[in-house]
Every structure is written in C-alpha cells, then in structure tokens.
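Got a structure for you, questions after.
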Amino acid sequence: MMGKYAKKRLAVSTAVAAVGIVIALIVGLIGGYFAGSMAAAPATATVTVTETVGAKTVTSTVEKTITSTVEKTVTSVKTVPAGPAVSRIVIGVTDKVTDIDPSNAYDFYTWEVLSNIMGGLMRYAPGTTELEPGLATGYTVSPDGKEYTFRLRPNLYFADGTPMTAEDVVRSVKRVMEINGDPAWLVTDFVKDVVAVDDHTVKFILKKPVAFFPALVATPPYFPVHPAYKPKEIDSDQTAGGVGPYRIVKWVRDVELVLEANPYWWQGAPKTKQIVIKFFKDATALRMALEAGEIDIAWRTLRPTDIQDLKGKKGIKVIEVPGAYIRYIIFNTKIPPFDNPLVRKALAAAVNRKAICERVFLGTTTPLYSMIPIGMWSHKDSFLEKYGEHNLELAKKLLKEAGYSETNKLKVELWYTPTHYGDTEVDVATLIKEAWEETGMVEVTLKSAEWTTYLEYTRKGMLGATLYGWYPDYIDPDDYTSPWVNASWTGYAYSNPELIKILEEASVKPTLAERAKLYEKAQDIWAEDAAIVPIFQGKLAVAVREGVEGVILDPTMLFRYWLIYKAS
Amino acid sequence: MADPLLNIKNLKTYYFTESGIVKAVDDVTLGIRRGELLGLVGESGSGKSTLGLSIIRLIPPPGKIIDGSVLLDNIDLMSISEKELRRIRGRRIGMIFQDPLTCLDPLRRIEDQMVETVMVHMDVERDEAREMAAKALERVGISGDRLKDYPHQLSGGMRQRAMIAMATMLHPELLIADEPTTALDVIVQSRIMDLLEDLKESMKMSILLITHDLALVIERADRVAVMYAGELCEVGTSEQISQDPLHPYTKLLLESIPDVEAPKTKLKSIPGNPPDMRNPPSGCRFWPRCPYAKDICKQTPPKFAELNGRIVRCHLYGGGKS
Amino acid sequence: MASLKAFIIARVLALIPTVLILITLVFFVMRVLPGDPVIAIVGMKAPPERVIELKKELGLMDEAGNPIPLPIQYLNYLSKLARGDFGRSLIWGKRPVLVEIMEHFPATVELAIAGFIVSIILGLLLGSLGGWMGGKTSSAVKTYGAITYALFIPWIGMLLQLFFAVWLGILPVAGRIDTGLEPPTITGLYLIDSVITGRWDSFISALRHITLPALTLGLVISGVFTRVTRTSVEEVMRQDFVVAARARGIPEHKILLHVLKNSFVPILTMMGLQLALLMTGAVLTETTFSWPGMGTFLLERIQYRDYTTVQGTVVFFAIIVSLVNLIVDICYAYIDPRIRY
C-alpha cells in the first residue's frame, strides 16, 4: 500500500511541477511583451557587491592583513571625494576570461581585463606601441644592463584602499615565478631576482642584459596583485585585482563581469563609473545586441560580414585599427625544394596578399610585408621592396633560374590546419595555391592536418611549407623576430648566423634609436632569406553606438576602459 | 409489425473510398421487435457491421449515412443531435463487439471504465456507480472484486462477459452484439450465448445478433435477417428460414451447413466470390452466383415482396414489380 | 503494488552496469582520439618540461617519469570517480571539473525544461489535434512537424532575435538575466529561485530572457513531438475501445483523454530521448542566445582540448542521461500496468 501512496505523490508532484512551469512560461510570454524595457537593470547591485571586494578566498596567513583591509575600506570610502557622475558602458565580447590571475592568464582578452583592473610599472601610451611610466615614475639601468631599478609613484593603493609598496611588486613577481604557470617564462627566462630596495623602489636583477625589459614589465605577469591572491596557487576567480583604474564588483564566469571605477587609482577615478562586460557565445548575437541597444560596444570579435553591415547602420560607428595578430608561411629550409633560396623567393614574390585580405577577409585584414607589424616602431615593408606584390614576372624569372619551366613544373605541398585558425583557413590556402600556380610553373597540392598533429609534424621538421599565425607575448619587435630563428618548435626551419647576431645585439642595446636601426636591418635579411614569409596582419574592429567616445585602439590589442565615456 | 422497438427504413450507408464508393448498406428496411433476438447473417463484407454501427451513428470516415431513418420509439436517431444521441448510446442501446480485449481500454481498470459509463448517464455518486458496476458484473457471472482488475488480467471469456456487463449495466432496450462469440472458443461461445439469452429474458431486452454463423442464429434467434452485398435478401422466423428458406442465397447458406443438428460447425463457402462492393452487379446483386438466375435478374433489381407474412427480395417471388 | 517498487529497484540496479559501460567507453574513446592532447594544451610556445609535467598531471606518467600502462590508468580513473573526484581542468587555474559543471548545469536544465515545456505544449496540442481531427488538419499538422523539424536553430533563433529584440525591442537578444538581478542561488534555476525568494523583478527578467531561447528550442523539438503524438493518437483512435466507448455514450472530451493516455507510451519514450538530447544538445540554442549552459561549455572545452573536463563532463552526462531514462521507464511502468508484470 506504500507503493500506492508513493505513486499518488509522484503523480501529484509531477502534475504540480508541470502546471507550475506551464503557468510560469505563459506568464513569461505575456510578461515578456509587456515588460519591454521596463525591467532595466537597477543600480542596487553595485552597492551590495562593493563590500565584498578584496576578501573572497583568503588563507589563514594573510587573514590579518585582510581584516585590517576591510576596515580601511569602510573608513576610507567615506573620505574619498565624489567620483564622476554614475554612468555605465556595456561592452559585449565573444571572448572569454580565463584566469583573473596574472600568474596563469595567457590570452589576449584576459590580459585586457587584467590591464584594466591592475597595472604594471610601465605601460603603453594609448594609441602607440611606445612605453610610458605606469605605477613607476621611471627607471634606471645599471651600466652592464643587468639591473633595472624602478621608482614607484607615491601614494599607490589597491582598489580597496590597502597601500601598495615595493614589497607587493616583489611578492607578486615571485608568486608568478613560483606558480610557474603558462606565461611565467616572461619572468623566469629573464629575471634572476627581484628585491624591494625600500618602500618605493624595486630592483630587478636579470640573468643577462635585456633591452626590451621595460616592455616585459608592461605585461601582466609583472603586475602587482592584491595580497588576497593565494600565494602559491593559481587563483582563477580572485576579484581583488591590483592597482588599476577599475575594480571587479561582480564576476559570473562566462556570463558577465561588472567593473566599477576605482576611486584610489593614481590617475584619479576614470570617467565612466561602471563597465559591464557581457560574454556572448555567438558573433551574430553580439551584433544584434549592439543594434538592439543592449550593449554600447561590440568588441572582440565581430564577423567580417557583420562589420561590413554595421558600417552602414545609423547610430553605429565602426572603428578599425591594425592589430598585433599576424599570419605567415614557414618554409622549412632543410626540406627540398625549399632548401633552394630561389624557390622560396619565387613563391614569396607570387603570393597575392591583397586577394586574401579582400576576398577571404572582406578587408578586415591588411597585407603585411614584414614580420614586424604595421604600427610598431621599426616596421619596414622589406618584402614589398624586394619582391613587390603578386609579382608573377619576378617569380617566373626566379623559377626559371632554379631550373623549372612550364613543362618541368615545381611540385610543392602546402600544409594548413583546418579549424585552429577559423573556417577561412582553407580559403587562405587555396588562394595561395592559386597565386603560385598562376606562374604556370608550379603545381601545388594542399594538405591539411588536425592542429595537434600539425604542430607535432612541424616540430619534427616533416612539413615543407606550413601556414601559421602569431599573437605577440610582449609588444616589442623582438617578439616578432626571435621566436622563429633557430626555433625548435618550427623544426629548426630557419637559421642565419648573421641575423642571430643582429637580433641578439638589438635585444641588449639600450636605446630605441639603436635598436630600431638593427631591426630594420634584420627585416631586410629576413626578406632576402624568404624562409618565413609574412602574409597579412589582422585589423581590430570595434563597433560602438553613437555617443560612445574615447575608444583608442592600437596593436597592443588592449582596450582601455578608463578612456571611454558616453557623451551626453 | 408487432410491438416494434426499432424501425430501420431505407437506410443507406456508403464508404467514400479513394478507389470508389462502397455501398455497404444500401436501402435496408428492417424492424426489431421488443424482447426479440434478431439474427443478422451474411458473408464477410456484406455490410452487417456497417448496419449495426449505422443504428447508433458510429460510422467511421470515409463512411457516411446517406439516407434513411432509424426510429426508436418514434425518435429518429438519424436526425437528432449528437448530444441527444449520446444519451441513447449506452443507455437505451448497448453494443458489444467481436474482440473484447481491444474493446476495453488497456490502461484503465474495469471498474473505472464501468463507473465512467454509469456516471455519464446517471446522476449518481461514485460509490453508487461502483455498486451498480459490481452488480452488473455479478449478473454476468464475474465476482465483483474483479472490478479492480485491468483488462489484461482477465481471460477472454471473462472479458466478453465484462463487456456485456458494461453494455447492459443500464438496462438498455436494445443490445447490438456484433459477432460477440467469434473470437472465443466453442464452449465459451455457447456460454456467452446462454448468458445473452438469459439477459434478454430477465431484462426484456431486444438483441440484434450480428454473425455469419447461420446455424448459431437458427438455434438461438427468434427471427433471422439475411444480408447480401449491402442488401437484405430475406427476413423470417428461425423456423421459416431453416425449414423453408425462400431466397436462393438463404438456401445456399443452409446447404453449406453440413449438419443442422450440429450448429457449431462453421459456415461453408458458397460457389463463386462475393461481389466487388465498389462495383456490384446490376440487377440482382446475387445473380452471378445464383443457380436460378433469369434474364430479368441481370437487369432489374428485385423489390421486397411480402409472402405469407414473410419478406423476401427475389424475382422468383414476384419481386420484379419495381 | 509491490510490483511497481520491485520494478523500480530492478531498473536502478540495471543502471549501474549501464553507467559503467558508458564510463569505460568514454575513457577509451578519449584515448584513441587523434591528436596528442598534451601538445594541444601546452601549445607551440612551451618547453618540453611542461609536457612531462602535464603528463604526470594527466595520470599518464608516474612521478619518476615512466609511462603508466593503460589498464592501470583506467583503474586509477575509476577509483577516483568512485570517490566523486572528476579531476581538475587542465586549463584556467585547474578548477575542479565538478565545480565547472555545476556552474553551467543549472542554466542548461532551466533552458531544457523551458524548451521542453514549449515543445510538449505545442507538440501535444498540435499532435493530438491532428490525430483527433484527421483529414486536412492531420496533413497540416504533418507539414508543421516536417517544417519545424527541419528548422535550423541558429536561423530561427536569429529571426526571433531580429524580430523581438532588434525591431520590436521588447525582449533581450541574449543572456540569462539582467545585470544585478540574479536571485540568490537555491536550485540554480533563476525562475524557480526568484519565485521562492519572492523577487518578482528577477522573475520577470529571467522570464524575458528565457522566452526566445525556449521558444526556439521548443519550436524545433515540437516537430518530433507533433509527429509522434499525431501518429500515436491516430493509431489509438483506430483501436476498438474508442468505438466501444462511444457506443457507451462517453463524451468526446473524455475519450480524448483516454486516447491521449494510451498514446502516451510512445510519446513518453520520445520525451525521454528528447530530454536527454536536450541536456546535451541544446548547444546551438545556447550559442545563439549566449546561454551559459553545458552545451557551449563542453564544445569549448573540446576545442581547448581540456581532456579531464571533457571526460568528466561526458561521464556526468552519461549519468544524467541514464537517470532521465530511468525516470522515463518508471513513468512508463506507472502509466501502463502491463509493463509491471
């Protein structure tokens, strides 16, 4: 008889649940139409969450610090002068935030977020690839180039009011070294030790002289983080941040990130009080949300077709700048026929970059004639000077010299990987094949391999011609040159003793002028060897609703939220 | 007609199939008297079931009742509203079918199905309805506690009894029994027939027994109607039909029963094939198989003729006056 | 009714080998998939030490750096699972897989249920209408089923977004709720949590957000339901008990209920199948509406080759799907007394 009651209960509860949900849904459908824009988000959320900033997960060792921190927050909040009027900008992205922790974050979008809730001793002047002082007022270099001493600004505070000192820089950098996460090499490859000389002075002792060290210091692994970060562990969802223009007031992974102006920031609280990042999973939805006014800015990454469409829309502004992302071909100089410089040069000359940019990417990429991207200091169009664009005459001449003809065709295999670089990759490969075959003296077979296999074969030096892409780790010409020279991951595809010497020299020379000269020379040698052939550079495109101002983008690919505001 | 209960007049029910019109019941006129057991016999496909269903207007599409009337105490069942008709179905006219298993809802207890029927027709409480159901079950020889059973828990014979109980629960004046015993084995068959006869007596109910078993009908029925290809051939008492069949088809049917004294034997086939109902022969529909067929039979359909109080439709009996 | 209880117990016991087989299958399939996951994770910029370190983390190598044989790996994995340890993600801070799953699961459940309800309402309504009325109505319903079944979710989703969000501006394009309106977590389902806590503004917001995705999902899946319901109802309608009931004077609406109950067994089977599918396969809807659920989560982790997360998620799904099937089976036995014996 138990069974009978259980059955009845099951029936009743199922029925109740079903009826409940049905009613809910019907009400929802009706409510949805009427509610309309009535249910705009209230401002209450920010108030409640602010208090939780700073002390989410804390180990017992730092408990003391935190307790005092919280007290200080409460008291100091009262004394802080009124910030800018309450205003909010909503940014939509299809990217995602990985770890809100500089010790392990190693992707562009997370670096962007980190750059807005933290800051480095050095930073890039907005709109350029040039460095300017950040948390430091400046630095000095020892004569042997192995010691960099940074002087911190006075009165630096974390977002909850905790003062920041040189000790915090030391703790944070050492934390990165100890956790040894993905980007840790940006520290460990160069830094031997870091010490706090006094409260406002921090000294880095390097393993060898590194001319671009200030550029490294501008990367997130060098950012000082709040003491709330777990000392020996990756703290992926830590919201305490560092010393930056904004602080996190709400973080729902994959859904939204709410930032609030940091009243303690050394530059003063930014113009826009609240920045909301909404995470989209689909570029079309991102675009429609912009059109519907749900977001003010559609940032990474809109589809080329959507960008094209949005350009014509009223009330929407599209801003495009060159990005830091580059694509190129690797010819493995150890594998015939690519061991023959004439072959490489001929193929480099025949490539039709413009066709790729326009036909495949609808103008959202730009032809690139050097590994060092457009917009970065020392950039030089060496490949264009040497080979021109889609220069079939030159290609034919070189091929003839190498002993090929219409009847004795050069046979090459071009490898690509179908998904890692997006669905467009096969079109890119096809256009390169077409351009090469246009010479009438080349026969190209396209081959593809799944990403990991592709990497493995490349590493083993099994593939002759491959397509790859590059996002920089630090914004310096060095990161656009040395990773390919005598590099194991390419299967040692390219090496040139003279070039190695120049690059080494450029990496230790202290002044920009001296370094620029060396990189210009390096680019010419690069073009002459034609082992790694640049194809195009990505453009950054952002679409904003009318009235949003202060959008400044540059090849650092970092969107500076503290500069944007809504003009009223 | 003595004490008529139901009068079927010129009833026409056709199926409008894609391959043509099937005149399953074509101009049938037949009366059922109070308290009688009327047997309706005919070959498979002759339209017996269609006639039965037509009485309570349950013809499935593409079937349609084209013409005619069915009077139950002067109420024309063909012209009253669906709602009024529903009050008659199950209450004044009950119906049972060949396969009791498929005629019961497999997911509901016997009780639920019976109680539902009672409560649809009568303004009674559930308990009272349940009591009536139990009584009805007991009347057909099933113990009342089987009410809780699901159909699949009963044996074939019991199921048919339950069906009968359900159909007679409200003491209908007419029970249409469409081959009620065909699916059952021989011994159970006669028990069910006994039960039906008992009920007929005790409840003073008329029964229209549809079957193709002429022997059974002769044994059990008061009167017999013989149907062929959608038309009635002959109507008479069991005695008249068995002793003195008039219509050639009835004669052949009788001859095909090997031993009248052993009525459980199945009907044997008559030479020739039943007609294609979409395109029946002109004239008398039986002529291609009729040993007495004359020329007139092929052209002119015979009309009913009364002969010593019996009705027959054949040119041999002056039916050609049409 | 002990037999129903016995039936349930038997089904629960039968679940264990099913889940075990699924886990085993997932484990070995993950090992034979092309592409070295380790290289995929560390990428082209990492040194060889990282590769070894990762192999240790993955349980492919012991502390001394020797490879662990596959059967041992399998046993280790099982013993961890038995302790409820789904492992940790290989990327993004090595978060526990179960935590990550639980972050996304409620959203999927909420969407799946809402979409499911829409599809059942549409499917049962139209399907029984078609089955009941027959003729032209039936063909119209048939066409509806064929069309909705063939609808491509991103496409219909986009149309709805375009119409209701961009043009009319009355419903949001994407997301689950407006900023700052999340109700306190009780079940993780916003609609239910907001009702429990009485936060009506949250409820309205959540409802407005779920309307379009649920409609999209429901519309597409309703095609299957209408088809199954229609054919099933049509079949039951042909059964003798319907005529018998009519012959007893039972009114049509009551007959329809009995017919529906009888048609329900195949519908229920389809529901179980669909619900399981919904849980795993709302990917397209989730993507279109940026719904933070399991579908997109799994897809993304596959792309990132987050080995442990993918494996853990698939196992998790296997268990959920088995549970859903179990529930369906129990409902089945509850509805149809013939099954229990």
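Letters A, B and C mark the chains as written, and numbering starts fresh at 1 in each.
Just so it is clear, contacts are C-beta pairs under 8 Å (C-beta built on N, C-alpha and C of every residue); 3 or more make two chains touch, one makes a residue touch a chain.
Keep in mind the model is a prediction, meaning the values are calculated, not measured.
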Chain pair with the most C-beta contacts: A-C
Identity of the most central chain, Cα criterion: C
Rounded Å distance, subunit A centre to subunit C centre (Cα mean): 34
Geometric centre distance via CA averages, subunit C-subunit B, whole Å: 53
Whole-Å gap between the CA centroids of subunit A and subunit B: 86
Multi-partner residues of subunit A (at least 2 other chains): none
Subunit C residues counted as touching two or more neighbouring chains: none
For the subunit C and subunit A complex, residues of the former touching the latter: 1-2, 4-5, 34-37, 39-40, 43-47, 91-95, 103-104, 113-114, 117-118, 121, 154, 158, 161-162, 165-166, 169-176, 178-182, 191, 195, 201, 204-205, 207-208, 210-211, 214, 286-292, 296-297, 300, 303, 305, 334
Subunit A residues within the subunit C interface of the complex: 1-4, 6-7, 10-11, 18, 21-22, 24-25, 27-29, 31-33, 35-37, 39-46, 90, 96, 98-99, 101, 104, 182, 185, 234-237, 250, 252-256, 258, 276, 278-282, 284-286, 288-289, 291-294, 419, 450-453, 455-456, 458-459, 473, 483, 489
Of subunit C, residues touching subunit B in the complex: 134-135, 239-241, 243-251, 254, 258, 261-262, 335-338
Subunit C-facing residues of subunit B, complex: 53, 56, 58, 60-61, 86-91, 94-97, 99, 102-108, 113, 116-117, 120-121, 150, 152, 163, 166-167
